[in-house]
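By letter and in written order, the chains are A, B, C and D; residue numbering begins at 1 in each of them.
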Amino acid sequence: MAKVKCAWFDFTSCEGCQIELTNFGEPFVELLEHVEPVEFREAMSEKTEEQIDVAFIEGSFSREADRRRLEQIRARASIVVAYGACAVSGGVNAMKNHTSDYAEEVYGEDAKRPHLASQKALPIAEAIKVDFIIPGCPIDKAEFVRVVEQLVHGTTKVYVPSYPVCVECKRRETLCRYDDNDHCLGPIARAGCDAPCPADGIPCEACRGMIDNPNEAAMEKVLVENGKLPERWAKDKTRMFTANHRGDA
Amino acid sequence: MSKNVNINVHHLTRVEGHGNIVVNVTDGSIEQCQWQVPESPRFFEAMVRGRHYSEVARITSRICGICSVGHTLASLKATECALGIKVSKQTDRLRRILKHAENFDSHVLHVYFLVAPDLLGAPSVFPLVPTHGDVVKRALRMKRLGHEWGSLIGGRTTHPTRAVVGGFSSLPGGARTVREGEANLRELKEKLLGCVPDAVETFKLLGDLAANIPAFDRPTEYIGLVDDVEYGLYDGQVGTLMPDGTREIIDVQDYRSVTNEYVVDQSTAKYCKHNLDSYAACALARVNLNYDMLHPEAKKIAEGLGFAAPCFNPYMNSVAQFIEAVHSVYMTVQFIDEVLADGLKDEKPVEPTKFGKGAGATEVPRGILFHEYAYDDEGFCTMGNCIIPTGQNHANIQGDFDKLVPELLAADKSEKEMELALEMLVRAYDPCISCSTHYLDVTFKK
Amino acid sequence: MKQYFLTDQDLTAFVEGLMSKYPVLAPVAKRSRFVFERLESVDELRLDYDTTILPPKKAFFPAKQDLIHFDQDGFNACIDPKEQVLLGVHPHDIKGIAMSDIFYSDRKVDNNYMANRNATIIIGSSVQNHYKHAFFGSINAERAMTGHDMFMTKIDGGYTVETVSEKGESLIALGSFADATDEQVAQAAAVNKAAMDNCPEKLNGTADEIREKVRSNFDSAVWEECAKDCFSCGSCNIVCCTCYCFDVQDEWNLDGASGKRFRLWDACLTSEFSEVTGPVGAENFREERAERYRHRFMRKAAYLNEQLGGPACTGCGRCSGACTANIANPATVINKIMEL
Amino acid sequence: MSCSCQQNEKQENIFLPKIADIVDAKMITGTEKHFTLRLQNGEKFDYEPGQIVEAGVFGYGEIPLGLSSSPTNSDTFDLVVRVVGKVSTALAALNTGDTMTLRGPLGTGFPVDEFKGKDVLIVAGGIGLCPVRSMIQYILQHREDFGKFSLFFGAKTPSDMLFEEDLENWRCNTCMQYLETVDKPDNAWEGNVGVITTLFEEATDLTPDTHVIICGPPIMYKFVIAELDKIGIPRSNVYVDLERRMKCGVGKCGHCQINDKYVCLDGPVFRFSDIENLEEAI
């Protein structure tokens, strides 16, 4: 099997997803048996002009100026994978999308200086065609390996569950947040991470985005009735990671 | 000397986030010499507005994936201060362990993956796989240990799950029972002590490579936490150290009098200054400030590597990081012993007693980090401010450039050599650029 | 086979005896709920539990089970049963296990389940506290418990212990049991009858009446109405002791050459469960959430009755508690349909 | 290997596949690949027309496929895979000399004996031709056992027509009535155009006691049944081939369950009168 040439690129993000990759430890060397990193700015100075087999893109598309760079990546790469919530859905960056005064809030008078320009935080797929996604904030490194292994083997369809996190909570026999006087977005959040948050005693914040056809109305109702959230919080709850998935986005 | 130099490093590699180095020398005179930060701004302070206090740390953790533990802890401390929460002794100790884990984890990453290639003359760690396989494997092994160590306490090292306002949402290792939690801690202790041989090897490697560390001194002001429990890392007050040895202690709540942020055109991140035009906040600053509080084993390492505090060579930050990494291993063992001696307890997070405003500080691998929030009566955030160490270091990096470039010119270095020297300097700071682009000084507001 | 008596004081020694011989899975506390887990120490045992989050079938059919390991040279099965004791199973859960035994052995025997099942010694125990949603007194009540080896009923001062198999009988040597008096046996019967009678919830109708009525309401608007808040989350399926569906997936190891095929508990309430890919894209045989919601009730109340000899529900109430939308409760839904 | 299986080898395991050698493989349309297979170790593969297998590639998975050759064909058998997703793509990537895994035969095929001596009509739409090809071949091989034999085949476009060689033979085979149509013709197409039911206008001599097999996309069933009703063919003489998601193929995973039937065990071939009132079946 020829090694698959992979390159990593980053846009607006915290770069935590690539950090997750370093957390594999020694087994990472095994992955290098069939994956050849050809460009990875944070980790290597090498650059390539060659055609790339797989481009992994982290971060949101949040400045029009980034469009050209993205188009160049698309042109050079056979497969484009958006990995991490920022790239897949806009992630946490999209929390500001519904407001207009965010720049002033952070930079005050200086907000109008041109180098501080920014637009809505959008998924990479808003700028270029994305072939596969690896959602999550951060990504689940086991899933990353699963996807990479499939790409290495030429799989054309990478499976991402369309059921919600509750399924995985139940399979792990996690105490439901709602049974612990808490709230949770698990019922509408896309699974695939193996539900680490409720297992650790905190709500699922839907960092992997919403499932297809999420029942948002029921979610709001359950947040208020079972989760005991004030109405205003329940209404805003899904802005954290899924602002771009909301019906009102 | 009539030299022309044109260095234009766009998106410097092997650093977190985006930074450019631009140096123009025409006929021997420096026309431009800049460290630029073009990273796109992310507006976290605006995003936390209106969010519930239980969500705020979870959001601000996403400022930076490398120091997300630090952001979480600084955020929790600020929120707890604003909400009148005093955490338990056990929480305090477990958080210290978590903080040490991050420090170790990040320092290993920096020393091995970002700095070592420079010292070994490689463009990255990957070409080292065939040539220095054992070094790479050791690096990955140590990196993994850092990850497991932090995960055991925090659930995850990138955006930790279990550290919540008022304490922890579950026992170490997600244990169902206290007994299991204690067993998990004991196992971690064994693992930590088991990594000593790897640390010794790293020590030897660094010793061999120390000769490649450039000689360059620029005395500056050092700022970092000083704590009476331990070496300033998780908690304490703001300490400053001037080149002449003068020290000052400032309360964390008065952090703005330290940071004094301002906006410059070459950067989307704000700059900071205190007594001088710039200051440094980094591992070097911490070791300079807290040398006496280092664990004896870490001191041995420092001496072995010829490190003497105070040290004014910014390139030595990598050495300071390794000294800290060793310190973190031994301090964690000590805290585990303390937790076990008192008996692990299944504690519920402490509830708020008021809603107001408060600041919190913690050290992240690259220096001191401040968070501040205000909350309304229902616990929703009305104001947020984060000041990130890399932001605090940008002006100091620029200061170093201003001194280093003429020195390099005087030494008649080639353009390539100059470029490498400048790149290595920036990397030595281990900058976290993306996180440095979101912070706010409210005094700028309208 | 025989009736014994075990005093409260002697319980610890008996369980320790079991633990010295077998891995013992038993109910233990997990914050506000209970779970079956491998006992590390007798003091964790909670025979006074109300219900567990997952049913005890996970002892032979874990939520994720490897089926085949493969590498470049070939492949291997993963059937590798280990003797174990499943302690503290409530009567309705014993019936649930008997039903899954039917699913996994009917027509084609699934030894990935049956081998583990056959290696498991089941010790039942009486319900000391009711789960707030339990209605086992009004469903499958007349069905006899089968497939277990021993049954313990909490009475004054200890437990009446009935052995129902050779294996169960052989366990008597591990503790200090006395023969039960007639009085103790009678008291045990009364305790178990009271547990059936005192369920907090109740179905209105016999199994046959319910089956007829539910089936004849296939096209009723009631499903749409009840499923309005459904998340299609499948929690009701996953926690159910008579749900048996699974998905099969393949995965490579890091080396890219070896890997495994495994199965995972699946849920018919989720949207992808009945989705197939055709030439023009995905087609779903139960596209609407109300259709999936109805399918579950049809399976519980009607579709499987013939195969199982009764409804595919034990009345444990786990689904009612697991449903964040509060709409999965069979007692509520079926009673509503019975009034149509 | 890590798992201990030696001692269990005798214990039947519904998930353990056999290995089949690919004797021949060719793309027969843009998206369909035709495989001729033989079990390894000279094992004979015994099955009935209409039965299915779970075919797979380790690492990718397994999918249900209908057997598309007559069981009386020497020691080889045929499968046709249409590329739609993950496993089908992995299978289609295989070539002569490669192997695939197989479990089966599974399910219930066509009731061949019941059809014997009767007029037979087979209506196939698109890839529905694959599973019924086993029956077609069987009938043609045992022609004298059956009465009048008609085959109606409809495809979306001429380039979607499978088994070109077969079609060529059937077109000029005088032992059968073969009618075909396409939804969308191309320039070269000279045959019928229109949905499959239009073929019933051409075939005027279908008798009420004809035995019928229908296999194709679900929407096709309703319309074809209506035509059969017009002729007066009782629904108990009509067999349909159903498709559902399947994971185990042996009635355990629950995906293919329709009411109290499992498509993988009780089907995929069903007598229409047995399922016409079954909710969600058609």
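Note that contacts are C-beta pairs under 8 Å (C-beta built on N, C-alpha and C of every residue); 3 or more make two chains touch, one makes a residue touch a chain.
Predicted model only: the values in this text are computed from it and were never measured.
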Contact-graph separation of chain B and chain D, given in steps at minimum: 2
Chain centre separation in whole Å, for chain C relative to chain A (CA means): 36
Mean-CA-position distance for chain B and chain A (Å): 25
Whole-Å gap between the CA centroids of chain C and chain D: 38
Between chain A and chain D, centroid-to-centroid distance (C-alpha), Å: 42
Multi-chain contact residues (two or more partners), chain A: 149, 153, 159
Two or more partner chains touched - positions in chain B: none
Chain C residues counted as touching two or more neighbouring chains: 30, 249, 251-252, 259
Pairs of chains, among all present, that meet the touch criterion: A-B, A-C, A-D, B-C, C-D
Chain D-facing residues of chain C, complex: 66-71, 75-80, 103-104, 106-112, 115, 218, 244-252, 259, 261, 263, 266, 268, 273-279, 283, 285-286, 291, 295, 298-299, 303-304, 306-307
Chain D residues within the chain A interface of the complex: 59-60, 85-86, 89-90, 93
Residues of chain A touching chain D in the complex: 149, 153-159
Residue numbers on chain A that touch chain C, as the complex places them: 1, 27, 30-31, 33-34, 145-146, 149-150, 152-153, 159, 161-164, 166-167, 169-176, 178-180, 184, 186-188, 211-215, 217-219, 221-222, 226
Contact footprint of chain C on chain D as seen in their complex: 1-5, 8-9, 11-17, 31, 58-62, 82, 84-85, 126-127, 217-218, 243-245, 247-248, 250-255, 257, 259-260, 265, 279-280
